[in-house]
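Take a look at this one; I'll ask things after.
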Amino acid sequence: MSPIAPLPDFQPATGLLASLDLLRVETAGPVLHLRLMRPAKRNAISDPLLAQIHTVLVNLPADIRAMVISGEGEHFCAGLDLSELVERDVGGAVLHSRAWHATFDALQFGRVPVVAALHGAVVGGGLELASACHIRVAEDSAYFGLPEGQRGIFVGGGGSVRIPRLVGVACMTDLMLTGRVLDADEGRATGLVQYRVADGQGLAKAVALAQRIATNAPMSNYAVMHALPRIAEMAPGEGLLTESLMAAIAESTPDAQERLRAFLDKRAGKVVKG
Amino acid sequence: MSPIAPLPDFQPATGLLASLDLLRVETAGPVLHLRLMRPAKRNAISDPLLAQIHTVLVNLPADIRAMVISGEGEHFCAGLDLSELVERDVGGAVLHSRAWHATFDALQFGRVPVVAALHGAVVGGGLELASACHIRVAEDSAYFGLPEGQRGIFVGGGGSVRIPRLVGVACMTDLMLTGRVLDADEGRATGLVQYRVADGQGLAKAVALAQRIATNAPMSNYAVMHALPRIAEMAPGEGLLTESLMAAIAESTPDAQERLRAFLDKRAGKVVKG
Amino acid sequence: MSPIAPLPDFQPATGLLASLDLLRVETAGPVLHLRLMRPAKRNAISDPLLAQIHTVLVNLPADIRAMVISGEGEHFCAGLDLSELVERDVGGAVLHSRAWHATFDALQFGRVPVVAALHGAVVGGGLELASACHIRVAEDSAYFGLPEGQRGIFVGGGGSVRIPRLVGVACMTDLMLTGRVLDADEGRATGLVQYRVADGQGLAKAVALAQRIATNAPMSNYAVMHALPRIAEMAPGEGLLTESLMAAIAESTPDAQERLRAFLDKRAGKVVKG
Amino acid sequence: MSPIAPLPDFQPATGLLASLDLLRVETAGPVLHLRLMRPAKRNAISDPLLAQIHTVLVNLPADIRAMVISGEGEHFCAGLDLSELVERDVGGAVLHSRAWHATFDALQFGRVPVVAALHGAVVGGGLELASACHIRVAEDSAYFGLPEGQRGIFVGGGGSVRIPRLVGVACMTDLMLTGRVLDADEGRATGLVQYRVADGQGLAKAVALAQRIATNAPMSNYAVMHALPRIAEMAPGEGLLTESLMAAIAESTPDAQERLRAFLDKRAGKVVKG
Amino acid sequence: MSPIAPLPDFQPATGLLASLDLLRVETAGPVLHLRLMRPAKRNAISDPLLAQIHTVLVNLPADIRAMVISGEGEHFCAGLDLSELVERDVGGAVLHSRAWHATFDALQFGRVPVVAALHGAVVGGGLELASACHIRVAEDSAYFGLPEGQRGIFVGGGGSVRIPRLVGVACMTDLMLTGRVLDADEGRATGLVQYRVADGQGLAKAVALAQRIATNAPMSNYAVMHALPRIAEMAPGEGLLTESLMAAIAESTPDAQERLRAFLDKRAGKVVKG
Amino acid sequence: MSPIAPLPDFQPATGLLASLDLLRVETAGPVLHLRLMRPAKRNAISDPLLAQIHTVLVNLPADIRAMVISGEGEHFCAGLDLSELVERDVGGAVLHSRAWHATFDALQFGRVPVVAALHGAVVGGGLELASACHIRVAEDSAYFGLPEGQRGIFVGGGGSVRIPRLVGVACMTDLMLTGRVLDADEGRATGLVQYRVADGQGLAKAVALAQRIATNAPMSNYAVMHALPRIAEMAPGEGLLTESLMAAIAESTPDAQERLRAFLDKRAGKVVKG
């Protein structure tokens, strides 16, 4: 594997995005970096932090084409701030969980792909946040768990929808019933993460991936983010029809026609063994 | 990995559960151990053995909160007793398979989580039984196969529903078309089992896991057993709503509120790297 | 792992199958070997090549019971011939993709199982072809990618339906967003391939598997090809009913009854650790 | 429409079925008639009444081949006994609803088809019970509603699963949001009931239908009860495969072969306009 | 049917809602009335009109508990403003349709139920808007069609998702292939509308329904809007579990407990024939 | 309703289509008329007749844009020729049913819409054939039934997939359990047919509809035939994405752009009440 490029020169975001006190938002060209800034609480997601993430997603600058999420301090994110769950009535608890869903759906089905740079604790709601991203990079220090089972509660941030699609129901059942904690290598083996790097290299790797993603045709990225996961949900007979429609649209864009001509004119590279 | 605790002191079950001649049923506190006792037939599942398993499930003592299944002798279970399939008419064959489904559904969607301790042959109907459990522990000696393809028949105990959800359709296709046999490590790599231990340690590991599971809030275990696999089946938009309902219920129980307060008061441990 | 048997003596097919200029078709007993013969184009799939594959599938000799697909030259198949996509209108593009679907559905849901012998590039449409086969064998040289993301297009040969069922949506998302290329071992770890062999041994392994598959009862192979993947798509409650029907039919065939009696008379082998 | 035949001579059931104090169970040949006997409470379904219905279903005499359900007094069934819902904790409420599901699933997916004879109030849980039957006959006096919306609660006896499959989500939404009550003719027009008769004729019509149903081949009735609703749930590509399996099994039974020969020998009637 | 109550005294909305020039927004107690105000264009939905509807939905006053939509002039809404579709590239066309989906999803899955008062043309996008509402009332003059088939286009405002769930695929196929137009009675018979009134009475009927809906417990209305349609989408086995969760939550609210006690104390009415 | 136009001047098909002895095939402009010609057997579908229908579908002349199916003699089609089911083994019975599926799928998902003109018996396999068409017209004499229940068999021509999508599972359950026969008006009320005409007018009405359908843009007809029923099967979240793709493609065709301009230039008619 080739060495990871050094981080580009990130600049603080301006305007509304600069006003969010629980996040640090900065950009380098087409890549935006959102950093959870609640290290004293192991970046636990309180309602205000959740709202600030949602705010970034609906106010993404027009020139941003890929995004990275990371956490300040020793941990990516240790989950939901459990004080949010105490003394809430059952109806309010439903709506509380639905607000998490609205934010994480805005992340997964947003305008740009998101790469998560993971280290330290990635547990509970932190794992739910990570699983809503499109690609996950884990440092050696990363570990994964779902302590909800021990706390007497259940996941409420989309974890029961997204985590089984990464690792299967049996693995998630094990994590919740036994409190098992997976280390970074186990996270890779089970499918929780796609990239493994040494401690301190997660952000650089995530940014490098985001930079590459930003060079794709926007319609291709749209197709991968919006059509691919939905086609995979459909019965095969229905999915194939949708694939044909998506393929026809993508290849009909001027962008694709230009890229195809570049390839046929041998101005673009072939795929070679990595 | 920490050493596995010695087995607790199991006592034979009494009453109806003591009368089952093809099983040995014993309990230690909240954990029940069901052992297949047909070693001369490699614990092949005959109709009477199937009925006895079903009987245990519908007569589980009220204080039991987790369960372990294991097999006496050199093998966990070598499958369906094939003599059951000869000279049965096609209508009767449908109902025979449906009786397996009723028993294994009672296991998967019962009241308490079940851990399987696997060694030796875990093939055919034995693999179907194992895949209906919630967690699987495999000793070195364990091996996995689906000889139905070579016998000219098809799985009929839920295997085509549960095994692809563990290993994927492609792996199960390979097992059935080619008669391939997976060893314990391959079973781990493909997702068939969640824990790998040395020969002779499977039961102790399974019991230790069951003891830990028995300490969870009952509503959390219910949510993991009943809601999680069903949410994972739903289209995401529908699954998220169900997750919110399940989460709201779990966190509204007095048990959860007490556990949350213990955590917030720092009377409960944080998740740390295993 | 035992040594792979030498290739049997393949004879060229005759009649219509001998007239296809972009393929080489040959048979050895019940096994048919179809070889892509466009090595100068890295076996890229043009419309005529696609039509020739479809032609083989609808004209399979009656005595063939298993099939192998391989590629001539240094690569299995480098994908769709991209010149097919230029200057096609959007309606025509839909129908073009649907023709790929018709061919690959005829492969997946045909009369006989198909084993793919993979080496070199298995990318884009080549990976879509491989994923429509029932079992995949990869040599050391094999590598896997989906360059569609970089070309500005989207998969149109069933890739978004079949590849997530092998490796998950997250892995396919990574391949498409970042242009990542997997080597043979990564292909094995992610579930893309079921068998890994040294360079030069892929065809022999694939043929050996096909020979073994050809000895199964035809109804068992039909059940694995046609019922298993569809049952796996169904909600569990519906899938179990279908499994019971399929099991009852398979075990009611004279072929199955004879094989069951052979087993009960101890004329057939037990499953043993591989 | 031809006149409805007079009721056959029903005899009280014996043994366990005679001991149920909230029901009256009687049989005439292959038809069993279960009558709700709590008229002072408008046959509201209390937990004991629910358990008694379940008891009948799991103790159905072997010679019974069809069943009729009716209600004593002025109403079929006015729903759940609401006193069951007061002071129950949220976890207990989940299990309470699941017990209704177990009983009504045993009815819908039991061994014999069930015809409901409806008159007066068929509301709330009473409509849920009726919708779990296979055929519904309504007298002029019958009316249908879901007052749960006005009571501040939600259906919990399978109504949200079964009623939209009869009348559509929009109609059920209207019933629940506005408290609308449908009369017998509106019940027929929306699909809630299949037969409309004058007051006092519901039971005779239901019994006549049950007698006719009892003459069908048991495998045909099994296919209609167990396979048809599940096939209808499947994606079409999957449903068609299951239909082929079910059809092959049904037509392979000796019963079907005899009936087919009778038809071909002109010993059975053709279908003619009613 | 009882006479429809006269309209309550509606007051113009204030603030942001008063600033929308293509709508008239007014309230009477807990009911908000949104009126399309583009009669010269037969209330065709342009992009600005769509955005104004979305704006109302995300700025609904907190005390509103039900909503009515109607159209000024001779028609409810004659559809999409077709000038929006000319000279839009294919990628832009996808996003244009997705904006319709976002608005109509906000309507269907919003906070309060919506009743549509329909008269005159309810065609194309107008029918898509109506079908996203929870209840539809049609005056004699109302007629329904999908001229997209004749225009060479396809529905893009959710029509292919919502209209088949009201009338079936066969009816929608007929409307689109042949240009068939349904009158108000046919709309009632096919399930497009739930209420039929004389010309000039649609708004009063819709408001009366909305007033009644506004008296329900908010959690019951939430359950009907959010849980019921999703449960109906699920496979039955999964839907039943979700129903139990929703029922347990609804009946655990203080509101429900109070209403149940009122009923048991005979302070609330029984359901009687309408 | 306006009077039905007289039949256009149909000419016999030539070439292969003229050689089919169990059908009469004729064309008038863009409309092809296929007539079942086995009146002495009430047009019962034998294997040769099924194969001839399939042959027409795969050899449709390029200028045909819509199709009508009718039956010679007193009945449209009395079903499967039951002699096909006798003495067939269970494996062969599966493949026999699958051949019906292949033919009727080729009809439903073919290149042109198909209108069925129904009279007399439309029962069993005849009803399955009719339900695979896109629009159904029934004369007064038409009647509908599924005698499979009485014959001891089950539907095998797609009936359990297509008929519940027209009339619901409850109605089909009634037809199969009780042998109920629906007349033409009941067929209209339950959704089996879309148009009702007097005896002798079915063919003229069907041809008039086909002529109108033939004037639509081919991409619109493709969208209605191929995308609409599949979108309706998908979960709503997935269906909406597919709708957007299909709408974007349809409106991007030159044909649609020309039709939209004609409308905007007021060269095309508005939708008016029929």
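Letters A, B, C, D, E and F mark the chains as written, and numbering starts fresh at 1 in each.
The working rule: contacts are C-beta pairs under 8 Å (C-beta built on N, C-alpha and C of every residue); 3 or more make two chains touch, one makes a residue touch a chain.
None of these values were measured; they are calculated from a predicted model.
Common contacts of chain B and chain F?
A chain counts here if it touches both chain B and chain F, which gives A, C, D, E.
Tell me which has more C-beta contacts between its two chains, C-F or D-E.
D-E
Superimpose the Cα trace of chain A on the Cα trace of chain F, which carries the same sequence, then give the rotation angle to the nearest 5°.
It is a rotation of 180 degrees, to the nearest 5.
Quick check on chain C against chain D: do more than half of the interface residue numbers occur in both copies, making it same, or fewer, making it different?
Mostly the same residues form this interface, as more than half of the numbers used are common to both chains.
Distance between chain C and chain E based on Cα centroids, please, to the nearest Å.
48
How far is the middle of chain A from the middle of chain C, if each middle is the mean of its Cα atoms, in Å?
33
On chain F, where are the residues touching two or more other chains?
Chain F, residues with two or more chain partners: 89-91, 94, 165, 189, 219, 227, 229, 231, 233-238, 241, 245-246, 248-249, 252-253.
Examine which chains touch each other and state the graph shape they make (line, ring, star, complete, other).
complete
Over in the complex, which chain C residues touch chain A? Could you list them?
78, 82-83, 85-86, 88-91, 93-94, 96-98, 101, 105, 121, 123-124, 141, 143, 145, 147-156, 158-162, 164-165, 168-174, 176-183, 189, 229, 233
Mind listing the chain A positions that touch chain F in their complex?
Chain A residues touching chain F: 226-227, 230-231, 233-235, 237-238, 241-242, 245-246, 248-249, 252.
If we count contacts the way the header does, which residues on chain E are in touch with chain D in the complex?
113, 134-136, 165-166, 189, 191, 194, 209, 212-213, 216-217, 219-221, 223-225, 227-229, 231-232, 234-236, 239-241, 243-253, 255-261, 263-264, 268, 270-274
State the interface residues of chain E toward chain A in the complex, per the touch definition above.
Answer in residue numbers: 89-91, 94, 218-219, 222, 249, 252-253.
If we count contacts the way the header does, which residues on chain F are in touch with chain B in the complex?
90, 235-238
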